[in-house]
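Chain nomenclature is as follows: A, B, C and D, assigned in order of appearance, with residue numbering initiated at 1 for each chain independently.
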Amino acid sequence: MSFWLIEAAYLVASALFILSLHWMNDPKSARRGVLAGVAAMTLAILGTFLNPGIVNWGWIAGAVALGFLIGVPLSWVPLTAVPQRTAVSHAFGGLAAGLVGTAKFYLWQDTPAELTAFRTFAIVAEVILGFLTFTGSLMAAGKLQEVKWIPQRPVTYPLQNVSNIGLLLLAFACGIALVFQPVSLAWLFPLIVALALAFGVLLIIPIGGADMPTVISLLNSYAGLAAVAMGFVLDNKLLVIAGALDGSSGLILSIIMCRAMNRSFTNVLFGAFGQVQQKAGAAETRTAKRETPEGAAQVLEMASQVVIVPGYGMAVAQAQQRVRELYDELTKRRIEVKFAIHPVAGRMPGHMNVLLAEADIPYDKLIEMDDINPEMPQTDVVLVIGANDVVNPAARHDKASPIYGMPIIEADKARLCLAIKRSMNPGFAGIENELYFSDRTYMLFGDAKAVVGDLVKQLQGGSGAH
Amino acid sequence: MSFWLIEAAYLVASALFILSLHWMNDPKSARRGVLAGVAAMTLAILGTFLNPGIVNWGWIAGAVALGFLIGVPLSWVPLTAVPQRTAVSHAFGGLAAGLVGTAKFYLWQDTPAELTAFRTFAIVAEVILGFLTFTGSLMAAGKLQEVKWIPQRPVTYPLQNVSNIGLLLLAFACGIALVFQPVSLAWLFPLIVALALAFGVLLIIPIGGADMPTVISLLNSYAGLAAVAMGFVLDNKLLVIAGALDGSSGLILSIIMCRAMNRSFTNVLFGAFGQVQQKAGAAETRTAKRETPEGAAQVLEMASQVVIVPGYGMAVAQAQQRVRELYDELTKRRIEVKFAIHPVAGRMPGHMNVLLAEADIPYDKLIEMDDINPEMPQTDVVLVIGANDVVNPAARHDKASPIYGMPIIEADKARLCLAIKRSMNPGFAGIENELYFSDRTYMLFGDAKAVVGDLVKQLQGGSGAH
Amino acid sequence: MSAASLLAAAPAEAAAHGAGPAESTSLLFVFLLATFIGLGVVTRVSRLLHTPLMSLTNAISAIAVVGSIVIAGQDHPPLITFLGAVALAASMTNIVSGFLITDRMLRMFRRPGEEKRR
Amino acid sequence: MSAASLLAAAPAEAAAHGAGPAESTSLLFVFLLATFIGLGVVTRVSRLLHTPLMSLTNAISAIAVVGSIVIAGQDHPPLITFLGAVALAASMTNIVSGFLITDRMLRMFRRPGEEKRR
């Protein structure tokens, strides 16, 4: 009987997981999606509890409690730390998969009949994926958190890629050997684990901190595939389904990011992107026009349509609240304010949307790049807040530029452009931005939060009447 | 080994079937979709041939040859006969499913262990679905083909629905009994088959000929579900997958049709819709304005934007070629011609699109209802060719009308309307159409093909210069 | 009630033959997933192509051919073989006519400017 | 080469234990279908919600909890149980934090006019 109950629970859970992702297609139904996910996960867990032979309730209770103890605080992180948190979670996911695989392997040593070629292969895949996700994600989290002893910039050395790939191949070679001699060659297993752990670290070292978001989504899909492999090991369809959903989602997100950056996976993974950063930042000669908050405020007051282009800088400066106030001041004056959202503005997909949503800006004001660009020529003022690469016209014409071909928000087409940043330093791509030297652009130097704050003050002063 | 080859073939086939439907999302890739479908089917068949124990190659060859003999001519039917052809195919599909189920049931009588409750249940489902689809589709085809001895109009008698449902329930009751006593109660099996066959006929009798398209797509999904059941019987995933794809497609198409007619399934299946037809046709008093082809041709020549609304009448009259010539004449004069396509114009979904495509009209001129309606007020002339219900304004305001709430093409909003039909008779819904009495509407009475032909002659005469 | 007893019944049988209960539940999962895919894919089929879609799915539903071949092909009493052969012929008819007519219709759809496809 | 030998090897084992080859191929079918669904569903996720999507899938991938419970819960040598417990704790962490943070983010998205959701 319990068999059928469990299968039924898993079946419903699978459907709910699918619906959960499906409902994310619209902010209106998104929270229902989360509910569906929670329900599915609960069903999956309760179903599993029905398994005959589950006895160590103490251990389970303890582990679950521990999970809550770590999990709840982990969900309080500030939004800017979301990428790190995600990375850490992937690490946990990978660890879990790896450990389960390891446990199964050693359990089945006593009943070799269970270790079919198919299963052994699955175990090997699960363990390699799991453990490389574990260390890889930890490294990624470290780089994003800018931990001291983890170098931000890509670290490269001769034959790096060759040796990394070699390592992975070696691990799989051992795996294949195990497939044929799962018992007599069991000593290979720890070696595989070690290789996977090492590969995870080495994979990340040559990748620049700013490429981490892409890497994280890739690790996301690895974590998913690890779950799939676990499903193959345990003959569990629910694991396969949820894992596959996860894997494809991670894959698609990273593809979206690569496209929006006009870069290939190989380039992200092995390109050691972002080494040049320092050099580029230095070579600086031409001068840009500056503007004072007073002047900028007046310009904004005179405009009838304003487009705000937020970028990573707004996230770093935590300026979203001030931006909201600015939005209110301008709309109060019947000025039409829209936000131009570049798919890879910030450091993770949809980064800007969450920040602005946090600041209570209605999401129908957040316009996607392709929809806003046609309006740019009719726009009076574009206000760039801590964005750089995503508004760099070089992407359109300068074949030499590393971001050539990356679709951008065409701030340069607007009648006038105000840009808030702390210096003339380049952004993530490490290249200078001619937009800031155009004679229609005025720079407002300073921390985004402070500058926007000044603008708001100016406007409030100006509109004492209201 | 063969086991794995077969499974591999089936796996690839499943993927190809999915892609086949996926590629139908765009006319550009649609033919690739067909290729994928053919490839998948070929793989499935070849894979099955690998089954150990397939010996009667003679029988197989014969049956396959016969299939080609019937199938190839069946694919030459004129486009107007497509609904009938589809119905006939569903009949074949249902028959095949039913026969396989029957064969399996009697084969397993010798090895009762094989007749698990699960399988017996699946067999019963397969046989009932299969055979009711068989007779039901034949009836539907007959009604569409307007075969003499099958009454077009819904035939009703007291307690009809009750008795029909009762019949179905009885069949299932026998099925449940079989589940528990698959061998000792085997004599119930022929009874189930008979009941299913009878139900198929009785299901269609009360449904009007014009509702057949909806019924056909429903039967389509039944055929799919029968294949799914067969999959459960034979432990064959490919059958389950292809069947499920088919089932959901049929379901969605019938839902689309019901929505576009603003009717419910129950209303279609048990509503005995279309009885009123005769009555309504009679009650006719008001007179409509007539127009001659000459006059109409002049009106068209003066227009700058013309929208053509084709309907079932164009299909019946096979007027699409003439319409194409009209289109050419008008565009020659730099008049912008668009076609307004109602989702249920004609007698099957997408009917008009195929006819006009057959007449070589580029598909970017075929505009969906929702996209064309906003343009109507700016339209100089709307030319309605054999359409009626889909342009009946009563759907908007007359709560009493049977089509109230059905979305329509708002021909009445255009500056001027020309309507081609043979008489003032009503259309499928059997209700009169006030559009034809509006003072902005001019009727062109006659067979669509003839009238449009006249229009073309007029225009060619007028534009001898070209 | 029937369902429940079904479930109860099956595991008992499980041992008796090849396909254990696990196998039959796999089929349920496959059914669930395939249905999700079907709904997702078909809702995105271009409205232009609903008629060809009908005949395409019609051809696809002829997948019953797989079952028919097994029945007709294996060494069974002649009556059974005959049933199988009829089923096979019927399915083949659908496959052939279904794909042919779908392609015939699709060939008619002409992109602006583009020549009609043969 | 490895794949082929894999396939060859498995059926032999089949008899030896519960899950026959049919079962393992079912998993392949399930994987194929689920991947199709995943690709279809995720590509239609609103761009607005890509960040919440990341944390949601993150929580979903913690489905590994199922495997962890089995390992940790069954009567095994203490070391195995310990591994299982660690895995379980890790998965639970992801489930809890993943869903909580996703919901926290989604609560922020405010429809025009509508009050912020609590």
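Keep in mind that, in the parts below, a contact is a pair of C-beta atoms (placed from the backbone, for glycine too) under 8 Å apart; a residue touches a chain by one contact, two chains touch by 3 or more.
Just so we're clear, the structure is a prediction, and the values are computed from it rather than from any experiment.
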item: Which of A-C and B-C has more C-beta contact pairs; value: B-C
item: Intercentroid distance (Cα basis), chain C paired with chain B, Å; value: 18
item: Euclidean distance of C-alpha centroids - chain B vs chain D, Å; value: 41
item: Rounded Å distance, chain C centre to chain D centre (Cα mean); value: 30
item: Contacts with two or more other chains, residues of chain A listed in rising order; value: 18, 235, 237, 241
item: Numbers and ranges of chain D residues touching at least 2 other chains; value: 10, 18-19, 21-23, 26-27, 29-30, 33-34, 36-37, 41
item: Chain-chain contacts as defined at top; value: A-C, A-D, B-C, B-D, C-D
item: Touching residues on chain C, where the partner in the complex is chain D; value: 18-20, 22-23, 26-27, 29-30, 33-34, 36-37, 40-41
item: Of chain A, residues touching chain C in the complex; value: 1, 3-4, 7, 11, 14-15, 18, 235, 237, 241
item: Sites on chain C touched by chain B in the complex; value: 2, 5-6, 9-10, 13, 16-19, 21, 23-24, 26-27, 30-31, 34-35, 37-39, 41-76, 80-81, 83-114, 116-117
item: Chain B contact footprint on chain D (complex, rising order); value: 7-8, 10-11, 21-22, 25-26, 28-29, 32-33, 36
item: Parts of chain B lying in touch with chain C, wherever the complex brings them together; value: 17-18, 20-22, 24-28, 30-31, 33-34, 37-38, 40-41, 44-45, 48-49, 51, 53-57, 59-60, 62-64, 66-68, 70-72, 74-75, 77, 79, 82, 85-86, 89-90, 92-93, 95-97, 99-100, 102-104, 106-107, 113-114, 116-118, 121, 176, 179-180, 216-217, 220, 223-224, 226-228, 230-253, 256, 341, 343, 348-351, 353-354, 357-358, 360-366, 368
